[in-house]
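Below are two complexes that have subunit A in common, paired first with subunit B and then with subunit C.
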Partner chain A sequence: MSALMKARLQEERKDHPFGFYAKPKKDKDGALDLTQWEAGIPGKEGTIWENATYPIQLQFPPEFPAKPPKVKFDQGFYHPNVYPSGTICLSILNEEQDWSPAINLKQIVLGVQELLDTPNPASPAQEPAWRAFQKDKATYQKKVLDQAKKYAT
Partner chain B sequence: MDDFCHLEIETIAQTIDSLYTTTQTDPLQIKQTESKLQEIQRSSNGLSIANSLLSNPASSLNVQFFASSTYLVQLTRRLNGLTSIELTKQDISILLSQVLNHTQQTVVQKIQSQRSNTFVTKKLFQVLSLIFVSFKPDWESPLESLSNLFQRIDPTNSHQKYFITLLLDFCDILTTSFLKLSKEEQMQHNSIHESIKTHTYPIFRTLISQCLGSASSDLQTAAISSITSWHQYLVNVVDPFTSTRYDSLFDQDMFQPLLAMLKTTGVSDELFLSVIMLLGDVFEERGGSGLSVGSMGFLKGEIMGDVSWVLMKFEYFLKKLDPEEEEDETSSVENFIDFIIKFHDIDLSKFTKTHMVHVTPMVEFLLQASCIQLDANQRLISDRISKRLIDFWCRVLEIYTDEFDIFQEEDETAQSEIRLNFKNLAWSLTKIYYEKIQLSSPPHYESEYKSEFQSFRTDSMELFDIIFTVLGPPMIEGVITTGMTSGVKVNINTIEAGFFILNSLCSNFSNHVDPAVLNALNLLLQQGEFIKNYDQLVQSASSNGSLYSAGAYVKTCSRFLATVTFVYKQEQQQQLLLTVMDQLLTWIKQYPAQELIISKAVLDICDECRSLLIDSMGRFEEVLIDVLPWGKVQDLTRSRIINAIGYVVQSMSQPQLQELYVSNLTRHIAELLVQSLNKDTNSEEISEYLTSLLGSIVSIGKGLNLPEDFKDTDPETYAQFLSYYSQSYKVQEQLLELAKNFDYFFYKEGFQQILAIFKVGLLDEFGPFVFKSEDIINYTSQRLSSDLAQQESTLRPVLELINRLIVCRSRSAASLHPQLPPQTIISIVKVYLMDLYPVIKTDPYLLISTFNILTTISASSSDPTLLLQDTEVMNFVIEIGYMQLPTYTEKFLIKAVCKFWTTLILMKSCKSSTQQSTVKQFIEFIGLQFTHMLFLSVFKSNRSDLDQYGGVIVALISKFPMGFNNWCKDCLIRINDERLSKGESPLDNIELFLKKLSLTRGLSSKTNAVLKEYWITANGLRGFI
Partner chain C sequence: MTKDHNLKVILGEEKYNQIHNSKVLLVGAGGIGCELLKDLVLLGFGEIHVVDLDTIDLSNLNRQFLFRHKDIKQPKSTTAIKAVSGFNFHNSKLVPYQNSIYETDVFPLTWFDSFDLIFNALDNAEARSYINKIGLFLNKTILETGTTGTKGYVQATIPGQSACYDCTFRETPKTFPVCTIRSTPSQPVHCVHWAKNFLFSSLFGEDDDSVEDNSLEGKDASELGTDNQEELQALMKESNELIELKRSIVDESFEDKVIEKIFVKDIENLLKIEELWQQRTKPTPINYTPEYKAEILKITKEQLGTGQKLWTLEQNLSVLISSIRNLQARYSATTPIEFDKDDEDTLDFVVASTNIRSHIFNIPLKSKFDIKSIAGNIIPAVATTNAFIAGFSSLLSLGIFNNPDAFKDTRAIFASEAKDRFLSSGELDHPNPKCSACSVTRGVANIDLSLTFRQLIDALVEKYGYDEEIALSVGSKILYDLDLDDNVEKSFTELKVKYGDHLEILDETDVKGTVELYIETNTDGKITLPELVIPDKPKPVEEKKSEEDEDDDDDLEVFEENDEDELLIVEEKSIVSSVGGKRKLEDAEDNEPKKVKV
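Coming up: the complex of A and B.
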């Protein structure tokens, strides 16, 4: 891991927003692996995502911060902008779109939280949630509420 | 309106004043007047109106303010190109002279008439600042000009304090004005920044020295405000965007008076807080890098050398907190602590080196601040202080774990002492934060500040994680479990907090758990007695009406119990496991608000400890009585409990018993289904319940899925089960019967659950939920013969099941369930896809499922060329695969069809040269026509879908480089001719496009870029270059 990457990831540990958690995973020896993080995104109050914390995995590439981390929900996560593999489709996480080395972990988790209740229909990543969001809001809401129960806090 | 702009100056002044008279109350009239005045401000003669209004000494303050604002409006409109009237260099010079004169006049009025006109002066300063920054007049130093101007007004200097304040105000306005500019604008102003440094900054420093050294708190406050602005200007504008460099704004001369203010007792709170906010910003933003070695040394001596002032101020601010007031804004105490942390953060290694060799009063102070106890109403503040310090302590302790070599210069004895100091610090922090994260009684605080309290707890766990790396297992026994079990202060809140910490720590343990940790947990849990006692405390809290706390107690404990499954797996811990499971199952009934958390715990424990729970089957049967009937628990809870039972049943040692148990359970559920069907079947709630019951059967199947390592870890049992289930299909027959008898489940959700029953065991080799392929095919094909089934909501799940069947049953030939033979696959295509095509083609989502099946056959079946071997099937592929391609507009349909073609063309699944040759011949046969339809689709698609087509083109370039080039050329010429014949615009530069395409060498990103570029041309958006 480059010195820049290490310094940057150490710095990221200082600041995560209210209600969120974010920490590096530990390897088998119990040592911190700064390239693999897990974080929790609380659903915003007053939305169908509330009362649950959605776990995400962040994988920082060796080129970080020149390249963005890969951010994933659990496989099969129900959201129009989440691929079936769980990978999140968000412009600030895309090297060819809005990623900038200045974007920090706090901005990423807040961006993901914002995405939960404000999906981008122009950039669909999975068909079932995208389709329901566009054409069958009742089913969409039911599925999201069921998912919130699964991740209830 | 235009006439209004030519009104007499006096009339305009009267109109302005009328806005502020108490007689003017009609909102409509006020709005109209405001609108007229705005029009004047924007009018072509706005500058002369402003000048005239300000030239009249009798003008009211409101009129003067309006006139000053008019200058700003006029200049801003010129900068933004909102007016065509230009200002020449001479105009600017005249304008500058005018505004300086007006400034002089307002200052004189203030001195002579005691008019409270500072707001007018400040507005004029904004005008001067804008002229200086954006209109580049021949003006070296505005600050010097103003200073000279004030000197002329009052040569005796009797109003020096007022003038200094004004000059600092101007500095504020000037530096702040740059912050509003964009990066590009900042870079255009490089010469101005250099000029400010050379001509304005020295005067500013002199003013600051005068103010900070004076006894006037007004001047000191003005100075600090001005320094803050200048600092922001340096950090946000000068450093990042210009080549101008300052030696150091914050040198010893600057720090000395500021720190003196911190230590002086008579300084006002407002002044004190503004100083610590300023210094905090300096420490944080410049991170020490902008501070000279001398300044740093000075700061360390001043701030860390003498801790008495820190203690004094901290206590002073604590006393000032109003216990009656529930503060929800950042308090003075928090700001003060932030300041101390930010200072130490500049060089935490040095801080640690200084303070851990011998523990200093500063460390003791910070520990004291971490555990400050305030009045109950102020717990939010004390928690916020503790929370702010968490990250600081984490990083201090990480120096012990990651950077202990900074102490290598010390001898061994000293290093031992340092280690001891670190450990003592870690012990202290453990005790402090263990106490801080406890729920209070009564629990109004936690319920009122639920999110903040949870956030505090979560952050505290990061600290405990690091403490554990310093102290190791003794931390668990030394503080946590001891705290939970002994001492006079033991109560349920202490135990709950202990569970909370242990849960966090234990979730980090993977396969290896330190024996000392196991020992501590064994001692704590005492074969389950501890949980029983805890339950009594929970019940007591519940009976006292504290349901919020009771819920929290149950929730935390459940999570902990699900995390420590490694404890139950030890020998002699069977009783503990049974007690734990019994407790959780009891709590589900007692605390319905927590059932989702508890059922998750049950599920996780059953998954991890399957065979150890066989003896609990009787207990699970009791629970079924509670979870299966309608309305008793949530659907997810029902599903989880039955899934959990499935895990245990999976571990049974005899297949006969396993089958019998599953058979009985599914029969019981089927009976409930029948009973429920006899009720009001139109009720939405009953429908949901029926779906949930069917889902419960799927949950049993999930639980029965074979563990991945089953075959390797216990080959004998595996063989025994394999042998048994190769003969017996009792459960499957029962389930098939159930499925056939429930026509009712043609409603979408129920039918989907029936299909899920067939799907859940597909990956396994054997088991009660592993159906024969022909059973699945027979059932679904029979169902599809009904018109009712031939609609999207039922057809799609069938197609998905069939797709899954092909995926799973195309694998090993040694399985109990053989690979699907080619004729079966061809038959599937004919029956499910071709026969139903009239229905399928009406719905893009059915087409998606169709292409998914075709892709699966091309990728997974024993022979990927199957689709090309039957003429009827091949024609079907040609028809829907590319003849209809230009009609597909749905995003995911385009994705599915492109995936099919990419899979087929790339031939990755072809195992023989014959298969490759078959595909090759097919593609070459359809090449020209296919390419034609492909490009027709590309040109009419959405830009965002181009990447999908790009994948197919990449595959064609890589497999058929020459052929594809020729097909492209021919078909693009044809498309061009077609377009011309329809009177559409021609395709530009076909040759250039093909050349660029061939140069991509099949690289996705390059191909997509060329395709996008040409798509823009083809759609007439711009030429192809």
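Coming up: the complex of A and C.
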């Protein structure tokens, strides 16, 4: 791991926005692996995503911060811009789009939180949530609320 | 030997003897390394140790002049040394190593310490950073080099005085998701990448030629750019059919089979996956009939004009067919064909298939000239650049030897494509105070690995006055911090700490600066820590946040670093140089975008 990557990730271990958590995962030897993180994204109050904290996994590539981390919800996460595998489709996480080495973990988790209630129908990543969001708001709401129960805090 | 005489006169007796009694390390025997080894031998360095793990490949021969065709598959290190032995006029002692530079049992810290100077002739940032760190641990000067095409640099790293290799941030080449290349291209560069690295190498390259950039195995959704199973299956099928297709390379109908599969059937298959085209313009397969082909074959060379001209679809098809015929005639399984921008047949094939694909996907076509420059830049190795950059490196070393004022006396040298000045030189930069490599305090610790972390923590507290709020880590693994105290009773061995690891000590109270210790080992039950002066951690200045400060349109990208009024401007890479999928090809041409401080 490059010296810069290490310094950046060590720095990320402190200072998370209120209601969020983010930490490196423990590996099989009982050490914390700075390249593999888990974080929790609280749904914004006053939205159908509220009262739940949605876990995400972040994987930092060896080229970080030149390249963005890979960020995933659980597999099958219900959201128009989340692939069936859980991979999040968000421009700041895309090297070809808005990723910049200056983007920090705080901006990433806030970006993901923002995405929850403001999906972008122009870049669908999964069929069910995308279709429902476009054509059947009632079903969409119900599914999101069910999911919120699953991740209730 | 009498040849000594001239050199003694030129360098002076004293300098000559210094050089003759010195011991230097050359890391890398590739494009720059071969040149540099020749230079160092001719300058009469006393002892030259050469490290390179690689063996010689056909593609090396156009610029690594110490190697000949008969040397293919031989180790670079030993072969290079054998080659220069023929003109080893000053009787330099030459020692080869066919090892990875990271092997700490072959190359312990004490081994690095035995050299007077380290010459880097490397091809990747990771190894450069590793040697940089070794230099920082040992306070040893490194002469670092790199080239990309006609650009190149030589820069000395003098620990404690000059900027180090990691003082500047480097962008890595952009990579394209596999599916962008394979099924949903949207820019000409995607099609060039596909034509050269996927199609051409699948059809005419070595059988096991790694098209790894474009294969689907072991990649996850974000690398692939999709996790549409239907799409992935279609791509898998495409690849398998391509292998089939290659078997008929000797058939007369090969050209038709290629066109029918690549530009008709594969596209029809992609069209069946409706989701792909909900937000995108659908591709249109070409309508390839015998009558159409007859028309195409009537096109003459004269009608194609110069390389600057934009060809029509039909003209591209005619070029494709004639290039396939030529390549077919040249092909044999034992001598696969490599893409070379100066090999007309390979270039024509790539240009024509790029444009036909662009046409299918409604992407603007490009001239042969443009495609040549995009495709050609992917392997930016120019023998002449390697030669003169290596030359400068060897000459600069003369001024560094035994010179306490080396920092002042040495120049960094850059070769650029600027019209008015091909070469420029400047004073060495001062270290970047925020550099995560050289702002760290370093030393060597000697530890019995059967001892526990508790014993190390106690020793650290006693020796350096930490309180217990520290985090200890090796590489990406945090082995201890206050919330991870279940490891304290474990031994170093249990936590997989070994000789040569770099153990980082982070003061979580943010008082002391970061320390990194190179781990040497003993079996005497001892922990010996180095004498260190650990400076306080610089106080972070309050960030002034300007969220909306995004700049687009012009070609400069500005990063605002966390604090202080220092802006780093990175010249954004042109689309041409960002076709970097195959960047890691075997040479020492790893130049990064220039960084400008303002």
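Miscellaneous remarks
To be clear about the criterion, the second predicted complex is superposed on the first by the 153 of 153 C-alpha atoms of A that agree within 3 Å, B and C clash if a C-alpha of one lies under 4 Å from a C-alpha of the other, contacts with A are read in each partner's own complex, and residues count from 1 in each chain.
Rule of thumb we're sticking to: a residue touches a chain if its C-beta (ideal position, glycine included) is under 8 Å from a C-beta of that chain, and two chains touch if they have at least 3 such contacts.
Keep in mind that this is a model prediction, so the values were computed, not measured.
Looking at the shared chain after the overlay, A:33 reaches subunit C, while subunit B stays out of its contact range.
Look at A:101: by the touch rule set out above, it reaches subunit C but stays clear of subunit B. In the superposition on chain A, contact of A:87 is made with subunit C only, not with subunit B. Using the contact criterion defined above for the overlaid structures, shared-chain residue A:124 touches subunit B and also reaches subunit C.
Note on subunit A: of its two partners subunit C and subunit B, the one contacting more of its residues is C.
By the touch criterion defined above, A:146 reaches subunit B but does not reach subunit C. Of the two partner chains, neither subunit B nor subunit C is touched by A:50. When both complexes are overlaid on chain A, the residue A:18 reaches subunit B alone and has no touch with subunit C. Residue contacts after overlaying the shared chain place A:74 against neither subunit B nor subunit C. Shared contact residues on subunit A (touching subunit B in one structure, subunit C in the other): 30, 122-124, 127. Contact residues of subunit A toward subunit C in the complex are 1-4, 6-10, 24, 27, 29-35, 62-63, 66-67, 70, 83-85, 87, 93, 95-96, 100-102, 122-124, 127. Listing the residues of subunit C that touch subunit A in their complex gives 125-126, 129, 133, 166, 169-172, 174-176, 220-222, 226-227, 275, 278-279, 435-437, 440, 471, 473, 475-479, 481, 484, 486-487, 490, 495-496, 504, 506, 514, 557, 559-561.
Residues 391, 394-395, 451-452, 454-455, 458-459, 462, 465, 469, 508, 510-512, 596-597, 634, 636, 845, 848, 891-892, 944 of subunit B are the ones that touch subunit A when the two sit in their complex. Contact residues of subunit A toward subunit B in the complex are 13-14, 18-19, 21, 23, 26, 28, 30, 122-124, 127, 130-131, 146, 149-150, 152-153.
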